[in-house]
Each structure stands twice: as C-alpha cells, then as structure tokens.
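Next, two complexes with subunit A in common: one pairs it with subunit B, the other with subunit C.
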Partner chain A sequence: MIESIDTSLIDWSRAQFAMTAMYHWIFVPLTLGLAVVMGIMETLYYKTGKEFWKKTAMFWMKLFGINFAIGVATGLILEFEFGTNWSNYSWFVGDIFGAPLAIEGILAFFMEATFIAVMFFGWGKVSKRFHLASTWLTGLGATISAWWILVANAWMQHPVGMEFNPDTVRNEMVDFWAVATSPVAVNKFFHTVLSGWVLGAIFVVGISCWYLLKKRNHEFALASIKIGAIFGLVASLLSAWTGDGSGYQIAQTQPMKLAAVEGLYEGGTNVGLVGIGMLNPEKKTYDDGKDPFLFCIEIPSMLSFLAERDVDGYVPGIANIIEGGYEMKDGTKALSAAEKIERGKTAIGALAAYRAAKSAGHEEDAQVAYKVLQENIPYFGYGYIKDVNQLVPNVPLNFYAFRIMVILGGYFILFFIVVLFFIYKKDLSKMRWMHWIALLTIPLGYIAGQAGWVVAECGRQPWAIRDMLPTSVAISKLDVSSVQITFFIFLFLFTVMLIAGAGIMVKAIKKGPETGNNVTINH
Partner chain B sequence: MKNTLLSIWNFYLEGFRSMTLGRTLWIIILLKLFVMFFILKLFFFPDFLGNHPTDADKGNYVGNELIQRALPEKSIDF
Partner chain C sequence: MYIFLQQYWWLVVSLLGAILVFLLFVQGGNSLLFCLGKTEEHRKMMVNSTGRKWEFTFTTLVTFGGAFFASFPLFYSTSFGGAYWLWMIILFSFVLQAVSYEFQSKAGNLLGRKTYQTFLVVNGVVGPLLLGGAVATFFTGSDFYINKGNMADTIMPVISHWGNGWHGLDALTNIWNVILGLAVFFLARVLGALYFINNIADKELTDKCRRAVRNNTIMFLVFFLSFVIRTLVSDGFAVNPDTQEIYMQSFKYFANFIEMPIVLVLFLIGVALVLFGIGKTLLKKTFDKGIWFTGIGTVLTVLSLLLVAGYNNTAYYPSYTDLQSSLTLANSCSSEFTLKTMAYVSILVPFVIAYIFYAWRSIDRHKITEKEMDEGGHSY
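After this line comes the complex of A and B, so read on.
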C-alpha cells in the first residue's frame, strides 16, 4: 500500500534523479550551442579560406571537446536509476520509453562517434568540404539525440500513442508518430535546443569578453562576439517564441502545472498574467481561504490570451481543477478530483479483477473487467491519490523558477542587443564594465536552463506519467539508506568531475587561440 | 575494401597518437565509464526486477505492486 512506502524514499529518489539530471544538463546545452558556433566559424573558413577562421573554429571546437568529454555518458546514470530506483515506472512505460532511448543511443553512438572523430582528427587529412560536413553533422547528431530524449520526456508530460496491456502490465506503442511528433514533444524540443543555443552564444560572448578584459586576442574576441551575439539574439528571440508555444501546450495538456506556475487558485476568463509578485508563504492548501499573494502586479487578460489565444479565454485555477464542474473545450463538464480518484480506483480494481480472472481461467469475467478498465484507464493514476492536495505541485518552486527563467530570457535578448549595439556603434573592446557583465552572464545562462527544467519536472508532480502513474508508485521498494548512499556517491563524483572539467576548460581558455597555425584540437 | 578499412584504421590511430589534451580527456572518459559500469552499475545499481527471471514474472510483480499500493485488500499473488 502507498502508506508503506516511506516518504523519505520518494524524496531521496527524486533528489537523486534531479541531481543527476541537473548535472547532465550542465553539459548538454553547451554542447548543443557550441556545435552551431563552431559550425558557423568553420563555414566562414570554408567560404573565405582565411586561416583566422580556421583557428577560431578550432579553438571553440577545443572547448566543445572538453565539455563533451566531461559530460558524455552522464545521461547513462539516469538509465541506471530507472532500472534500480524506478523499476515500476520502467516496466510500466514499456517500449514507449525504450524505443526513443534506443534510437537516441544508436544515433548518438554512430553519428557522434564517426563525425566527431573526423572533426577532431581530420584537419588536413580529409577535404575541407568533408570536414565542414562532419562538423555540422556532429552538431546535428547531438541535436537529434536531444530530440529522442525530449520525445520520451514529453510522453511523460502528455502520454499519447499507446495502449495499456493488463496482461503484461505495460504500455504498448500503437502509434509511433503520435509519440514522436506530439505537439508537446515538438515544442519542448525546439524550446530546449534553442535554450542550449542561447547558452552557447552567452558562453562565446562571455569568454571572448574575458580576452578583451585581459587585453589579448583582440581580433579573435571581437569576431567571436559578433557571431556569438547575432546567433544569441536570433536564438533568444526564437526561444521566447517557442516558450510561448510550450506555455500554450501546457495550458492545453497540463492545466494544473500552468495554475501552479502562475499561483492561480481561482481561474476564470480575462485572467491576468502575474508580472511581478510575491506568494503568501502562509498559504498551504487550495481551500484554506488565504490570499495567494502578498502583492502582485498583473498584466490584464494576458494569461487568458497566452493560454487560449483569446483574452476572454477561460483558464482554470487550482481550486477549479480540484473541484471540477467548469465547461471543457469539448463541451463536457470537468470532473472533480474526487470523481477522478474514484474512477482511478475503479480502474485499478478492474485491473486486479482482470488479472485474478485470467489467473483463474475465467475468460468472461476477465472481459467484463477489461471493459471497465478501458473505460476508466485515463484516470488510472488518480486511484493512488489519498488527498486531493497531493495533486497540487509545489506552487512557490514553480512560480519562482518560471519567473527566473522568463526574466533571464528577457535579459538575454536585451544583453545581445546591447552587445551588438556596442560592437557595431561603439568600441566594445574598451568597455570593461561590459566585459564583466558578459562574463557574469555565463552562470545566468546555466541558471535559466536549470530553472526551465525545474518548471518542466516539478510542475508535473505528483505524476511520473501524467494521470497514469504517480511518482510515489513509480519507485522501487528500496532501503532509504541505499538511495542516500548513492546520492552522496554521485554528489562526490559529480563534484570531482565538474572541478576537473572546469579546470581543464579554464586552462584551455587561458592558453587561448593564439597558438598559431600549429594549433589543433589534439595538441 | 581492405585498403579503405586500413585507411580508416590509420586515420583513427594517427589521430589518437597525436593527441595531448585529447589524451587527458580520453583518460577522464574511460575512468568515468569504468566507475559507471564496473562500480556503480555492478554494486550500487542492480536491475531491481532482475531477480524475476521472465517477463511474465516481472509483469506479475509490477502488477501486484500497482494493485497493492492503491488497494491493499486486493493483494493477490498471481
């Protein structure tokens, strides 16, 4: 029973997975971003034949290689955790999760292993055209890998294209394309990859400004800043656009996440978007009568417009979702959480009856139970919910993480515009204060990306798979102590690797790109 | 065909031989993979369902878990 699962086991398992995923996400966005930057640099070398662009491309490739080496395979630890800590989940998702991850693994291995070798070893050994193609294909391989990972993640947020098989207790894929091209996956992919591009651009501009601060590699730094800032501005604007698309998808498929992100307890039409606000820490439950905000400034009707593309659009709040009764888009009345819980229990009871009947060889009884299961399967996960308040994600965490991401996203657009203005209209090389701002913007790029994932994953709670499997049921029955031990082992290993990686990266940056024609990624 | 394979082999061999920073990075990668697969995976991350030999056994175990965690009174050993 659910009470027999120690809540600290759930917390430690979640903490361990979050730490691993966040550590992995330190490296992935920079890989995605630098892949494009070095591709652009090498394309300029290919077009102009100037040795300067070759050296510039090689320098960013070197940093790409360091980041890639430290980050590569850290994602595999997540797969270990699936098998050990999240065994119920791993079995329950069946081939839905397995297929995209298998494709990702094969693609990552063959594309990246082949073309990354040509990119690093192939200078002067293969044609310029083939080398350039290899550089772009290395980035493309990493991006396609990201696609399949995000398809798997999007399915957890919005499960589609599958049927639950009560005989195997697994979900089976019935429509590959529904899974692979779900609107949630498409938006998530573009928004996530573009956020990686933004980080790559911030990194290039920031590191280049460090050279200006140190009064060295002047030409290289200014050229890199120009390309980085243009690339970053385009990526930031596209990221804002796809972020809007992601927000729309959340409104359509995960209204509770949207309500938590906005601190919206009572919904309605013409709902405003909270621009600036501070949540009331005294508010603990949706129906405790306390005001959700100590103060807030809203943009009138904006949330309705963003969520429904209509200023008069109806956006349900946390209380509305729990109490139900509002009219859905298809004209039906929304079920209350209590009704969903009852239907979930009916579904689980039907699964038990089906399996018992099958076990006893009572085929007719099994078919009756199967029909009941199918009628109630959309609410299967609600059968595990003991208290409707469990359905509400952590509102402060989501509210503030979302605002950190959005505010930083807006700052990045402004940052790139200002950098471009100074580099084209003024002498950026003499603006030390701007160099410092650019350098200090690098960690902000990482914070924005991590905040985005906090919203994506914590906003999904209590679900591992939305409406189907709560996190508390997805976990394996392990000793809490074993999860704690592995948590601290990871913390130690990740810290050591991060320090080692940062040390190598700093050393390579200090060495700089000025090593003449002899510089290669291998030397 | 033989020449092509030989060229590819030589390409990789020369590439690896000429590495300096790359060598350090490869040591880190290999060390990391060793720790992951031969220490973490082996001693700390066993396949939790591994002691259920067949898929049917695994399905039965997870099925029972899913039922028990919601409806303990329906606990059945299938």
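After this line comes the complex of A and C, so read on.
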C-alpha cells in the first residue's frame, strides 16, 4: 500500500495555525500601539511631574498588561506549532527560519519581559527616569520582537539568501543580511507595526469617547483623545504609504497573489484597479470562460501604476501566469505553470538520483544529477503540484479581504482628521454621535488587521515558502483526529481567554482611571 | 570549526535548558499554592512572589525553543512533530499559566480567582513533570524513524515518522521517564519553597516553606538518585565518529563522565551546591539565601547531564526503533554558516543576563509583605 498525505490533515493543520495566528493578532497589535501611547504619557509625567499623567499612563498600562498576557500565550503556541504541525517545514527551511525566531527570543522578548516587570512593579521602587526607560524599553522590546517575526514571515513570502543542499536535503542560509534586511521584511515590518499603532490609537480614542458619552473623566478622556488622534493620524498615513510599498513589492515578487487580490484573470498594460466590484461566484477555474465579475467599477490604469509605477506597465493576470509566454522584465519569456511543474519534477528526480548515486558511491553520476538539480532548483516546489489549478489562491477570500483592509485604512485617516478637527475647533465633549462613531470604530480596527493577514497568508497559497515548498508538503505526519482535538482545545482555551480578557478590560474601563471625575479640560 | 560550532550550540541549548529547570521554581512554587497557602493572604503573597518572575521562565522556554530550532532543527522537527501530545499538553499548561496571574485577581475574569489559582497549580505540576519526562527520553530513547530522502518522494514527502499512535504519550509508559519527571517536579517544589523563603517576609509562611523543603527534598533525592544510578549503569547510544554509525555501548554515560572530567566536576559541584542550599536552609532558621546555592547547583547539574547526553560521540535524541535514525549533534544541526551567525548573536547573551539581573535586583530589594499587597500598586 502506498501511503499518501491525507488532505484533511493539511486542512486541519492549516486551520489550527490560522486560528492561533488570528487570536495572536487580536492582542499583539493593541500592545504595540498602547506601548507608544503609554510611553508618551509617562514621558509627559516625567517632564511635568503632574500626577494626572502618571495615573493616565497607569490606566493604559493596565489594559496593556491584560493583552500582553494573552499575546504571550498565543505567541508561545505559534512558535512551537512550527515543530508540532509543520515538522517537514522545520527541517526543510529551519536552517534559515529558526535564526530569526531565536534572535527574537534572545534580543527582544527578554527585553520586553524584563522591563514589563519593572514597569508594573517598579513604581516607587526605582527612579522616575529608570521607570520611564523601562516603559519605553518594554515597547521597544515588543517592536524588535515584531521585526524578527516579520523577517521570518517575509522570508516565506520572498525567500532570499539561501541555497539548497542535497546532502542534508534542506535549504541553508548563505547570506544572513539578505534575510534580515530583505526589502519585503522591511516594508512588512513598518506596515504591520504601524497597523498596530493605528489600532492602539483607535482604541484610546474610542474608549476615551466612551467616558465622554458617560459624562465622566473629561480631562483624562480629552487628553487621551488628543494624543491618540495625533498619533493615529500619523500612523494611518504612514500605514497607507507602506501599504502602497507592500503592493508594489507583491507585484514584483508574488504576481499570483496580486492577481488573486484583484480578481485579475487576463492581465495586460494600462490595467485598471477595481474600486468596487462583486465577483461572479460561478467562476471556478481560470479557464472556464466565465466573466470574473458580476459588476465592477475600475479606476483606469491604476493597477498598472501601483504595481509598476507606470500607467503603461504590464500586470499579468491569473491566466497569463498559468499559461506563461509573456515577456518578463528581464526580457525572458515567462514559463507556463505546466513547464514549471515539469522542471520541479526534474529537480526532485535529480535529488533522488543524486542521493542514490551518493549512497552507491558513484561520484560521477552524483555530479551529473547535482547539475540537473541546480538548473531546476528555482522550480523545486512545483514538482509537488499535481494540477495547475492548485497554484491559484482563493480569489474571493483575497479579493474581499484586501478591499476590507484598504477601505477601512482610508476610513481611519478620515476618522482621525475629523476627531482632531472636532477636538481643536469644536467641543467634542458634547458630540454624542461622534462618541458613538469612535466607539464603533474599535472593532473595525481589529477587522482591518485580520483582513490584512488573510491577504498576506491566504494570498501566498499554495505555498508555505513561495516556489519552494507547498503547504501540503510542509506538514507533520499525524492522525487527523489528533490535530482536530488540539484544534478544538486551543479554540476553547483561546475563546475563554478572549472572553475573560474582554470582561476584565470592560470592568477596568468602567472603573476608569484614578484621575478624578468631571473635570473639564482647559483649552 | 563546524564540529566546534556544533558543540558550542549544544552547550548554549543545554545551558538554556538548565536555566529553564532552575526557573521552574515558579512552577514548583505554584504547585505548593494550596499545600502551603491556607489563607487567601498567604496565597496572594505566593502568587505575587512567583508572579514577578513568571515572565523569565516563560521567556526562557520560548528562547530555548527558538535556539533549539535555529541550531538543531531536526530535533525540533522530529520531537515536536512526533511526540505531539507530550508537547501539546505542556503547551496547554503554559497557556493556562500565562493568563492566570494577570487575570486571577481582576474583576470580570469570568472563571473566578480559585479557578485561575488551580490553573497555576496544574501548570506547576504538569509543566515540570512532563518537561522532565521529555528530557529523560534523551537517555532512554523514543519511537521514531527518519529518512531525509523522503523529500524526493512526492506521494509521502514527510521525513520524520513517529512509530506509534500515542505520539509522545508513549514516553510515560517507560518508568524511567516518569522517574526523572518526578525528580524534576520535586526539585521544582524545593526550589519554589526556597524562593518563597527568600522573597516573602512572613514567618508563618516561611516556616511552612522550610518543612516543604525537607519533605520534597526526600522525594527528589529518591527519584533523582534512582535515575542517575540507572543512567550510569545502563547501555547508552554511542556514535562512531568516523562512520557516524550509532550503536549501543555498555556504561556509555558513566564513560562520558569519566572521559569528560570537567563535566564530572560540574556535576559534583552542582549536586553539592543543591544539597548545601537545602541543608543550610534546614539547619539555620535565619538563612534565606538557599535559592541561590540550590539554584546555581541545579543549573550546573542539569547542564552536566545534558552535556553527557550530547557530547563525547553520543546520540542525544536516540531512536530505539531505528538506531540509525537517532539524532546526533552532527546529523541534526544547522549549517556551519547559520551556527556561526548565531554564535555572533549569542555574544549578546551576557549583556541580556546583566540587565535581567539589574532589573530583578531593582524590584526585589525589599521582600514581599502582607502590607504591600494592600497598598494598591500593581499586584495580582
């Protein structure tokens, strides 16, 4: 009997990782954002000596602490799930992928964990200056931690700085700096951390507006809104800018992801960007002849401009990428997916031949096989692909998730501008409708972040590491039932933690900061 | 150079593992929560005492995982992916612990204080027991086989296979794994009690801690000595350095101690320090520095045991199903380039330890008192 990989094992392994990651991303972005907000507030306390700022900072710190705890718990699981559920992955690219994870632990996580203890327990025990430094270092640790994790994630999207070694049957790092400072990683870091800052700012403004709605803690609320909205506006503008950079990079490195995000089946020059559109649910494959959209409104030539910085730029669609034949930037003709699969199979066959020759002691045969392997190694992962349709990510999921992220991103910029206008030019404290809008914007901040990660990760499919390792080959050999059970245990644990965490936050917010009530701020 | 780097990284990983066992005093202390803390005030002091250190244990666990992944990825792949349930249960317990401190005393926490305290106890028992059991498999072996060539098989490309459906729980069917698990568990309790003696100013509670030190030490010694004696006299998994072939060798671990006298000395000093810290605490009622002696002793003892498991041509993660699948430093490590790059990063470790120590001292200058718990600062 030939044993093969159970497809439901792949699905459940993916579901477990996705669920852990999505829960992780509920808590982490808020800690990234609140870290800056409470840092600013404690700096004001340090500069002015006003007890008000200390109490304000301490209030946001309390909410930070609740999120930090769950963020840590889910983060631990993510790290170990690479081993437990993606064991083939761990060997095949662990030589490159493990390093940023280890560096994160050594350089960043210790910093965060050490100084968070001083931040919480050091009031009155250490000097004001050391305490302030500890607060900023806690945030800095969290941010450096994000850097290394996003270096690792960026490498999955755009693998660089490695070579395949047929003796160890894995990819090995040959250029650390190419990995650690890959442009994809740099952009991803800024875009992701800034999205966390935006969420932090939305949270601060929204919660503060709740106090205004309840007609209490005025001074605290208005002071927090000012800091939150300025911080949020800067962060959301920068986030839009890095988002544009991210789009450009995807066009250069992951054209299939871009095509899926745009629902673009037939590419070309002067391609328009779909502003609003509804996909045709009848469209199942790239070549079934059905129209991809029920309706859509395009901004002419915009996609070409965003992807290539040129309105006449060529953007390939899903069909073009699968069928190949178009001219690429370096002047070569794009291979078809079928050719890539053939080359991948040749590479995998050459690997088998190389190992057989080596173990038989036939050095010359091994060298011949090695040469074939080297020629075809860029397509190695394609050798595991059974059907070209597997190479197309889920188009509706990516299309809609991307639009949710972008539309909300645009809304956040507008939101912060309006809030700033009202707080400086009008009397925000009396605008109940605006308080409600601010409060209801909080969940939108979370949705935008989740949608962004859906695009990043689902748009990468079928690859765990682009062109190198499909998700289906990255897994651990387990019984499906084991993964199902752990999935539901984690789902239960994380959900209980989420409900408990939210319950504690609600109580803490209701109790409020100890800055005194109903004091009107002097403009 | 490559061999040196492999040895260096085994030393780093072993050191992290050893520090982790020392830091399990957090878990050990929590496992004593209901045994020693008969009143809510006592329990509160205990929780706040370990609560100021739990992040260090947690972070060390994360870093241990990350460093193992970066330096010996085949272990990460084989053990985590194979002994799935063993690691998953450990992870569940640490997830529970991570939120329990922050949540337990806060209003709106859904499950109530007692439940979160119970979670701390669960982690305090399960964490050390299963981590100890997992480490014991370094000496007793596991049921797996590996074929890296499977990557060239497009139908079933997975390289590591576990030999049975228990996926790691099978480790607990070997009595010696359980014995080391129990030894680590009781050691963690001893360390926890010593830490409370050092960290809490409450005579009634610390008196109870001294009794706990005595009782748990007896249990610890029984299990620890059984395991050590068994390991010294049993066959070990040896590697032929020329052919990389793995074979069984009588008295292998005993031979490793003899052939690596520095490791033997580390082991003996470690055990002596552990016993000194405990002994002086029991004999002298005012002595509260036992945690430092026993803690450092624990680090040295565990370090030397892990070095014996991996150094001197020994397979550190053996497979009793397929001897040649056993993991050795050479066949499971990262490339020379990666190990070298990571070695540069590891130079920063003393700096990290220095600031941890500094921060730790700055908030621990005064012991935890009942009065402090009521003062309204950040407490759990």
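By our rule, the second predicted complex is superposed on the first by the 509 of 523 C-alpha atoms of A that agree within 3 Å, B and C clash if a C-alpha of one lies under 4 Å from a C-alpha of the other, contacts with A are read in each partner's own complex, and residues count from 1 in each chain.
As a convention for this text, contacts are C-beta pairs under 8 Å (C-beta built on N, C-alpha and C of every residue); 3 or more make two chains touch, one makes a residue touch a chain.
What you are looking at is a predicted structure, and each value in this text was computed from that prediction instead of being measured.
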Of the two partner chains, subunit B (first) and subunit C (second), which one does A:T84 touch, if any: first, second, both, or neither? both
Counting touched residues of subunit A, say whether subunit B or subunit C comes out ahead. C
After the superposition on A, what does A:V496 contact: first (subunit B), second (subunit C), both or neither? second
Just to be sure I follow: which residues of subunit A are touched by subunit B in one complex and then by subunit C in the other one? 2, 5, 62, 65-66, 69-70, 72-74, 76-77, 80, 83-85, 87-88, 90-92, 117, 120-122, 125, 168-170, 345, 348-349, 351-352, 355, 383-384, 473, 476-478, 482, 486, 489, 493, 497, 500-501, 504, 508
As the complex stands, subunit A meets subunit B at residues 1-2, 5, 62, 65-66, 69-70, 72-74, 76-77, 80-81, 83-85, 87-88, 90-92, 117, 120-122, 125, 166-170, 344-345, 348-349, 351-352, 355-356, 359, 383-384, 472-473, 476-478, 482, 485-486, 489, 493, 497, 500-501, 504, 508, 520-523
Enumerate the contact residues on subunit A facing subunit C in the complex. 2-5, 62, 65-66, 68-70, 72-77, 79-80, 82-88, 90-92, 94-99, 101-107, 109-111, 113-118, 120-126, 130, 134, 165, 168-170, 172-174, 176, 345, 348-349, 351-352, 355, 383-384, 473, 475-479, 482, 486, 489, 493, 496-497, 499-501, 503-508, 511
Which residues of subunit B touch subunit A in their complex? 11-12, 14-16, 18-22, 24-26, 28-29, 32-33, 35-36, 40-41, 44-49, 55, 58-60, 62-63, 65-72, 74, 76, 78
Please output the residues of subunit C touching subunit A within their complex, sorted ascending. 52, 55-56, 58-59, 61-63, 65-67, 69-71, 73-74, 76-82, 84-85, 87-88, 91-92, 94-96, 98-99, 101-103, 106-111, 148-149, 151-162, 165, 167, 334-335, 337-338, 341-342, 345-346, 348-349, 352, 355-356, 359-360, 362-363, 365-366, 377-378
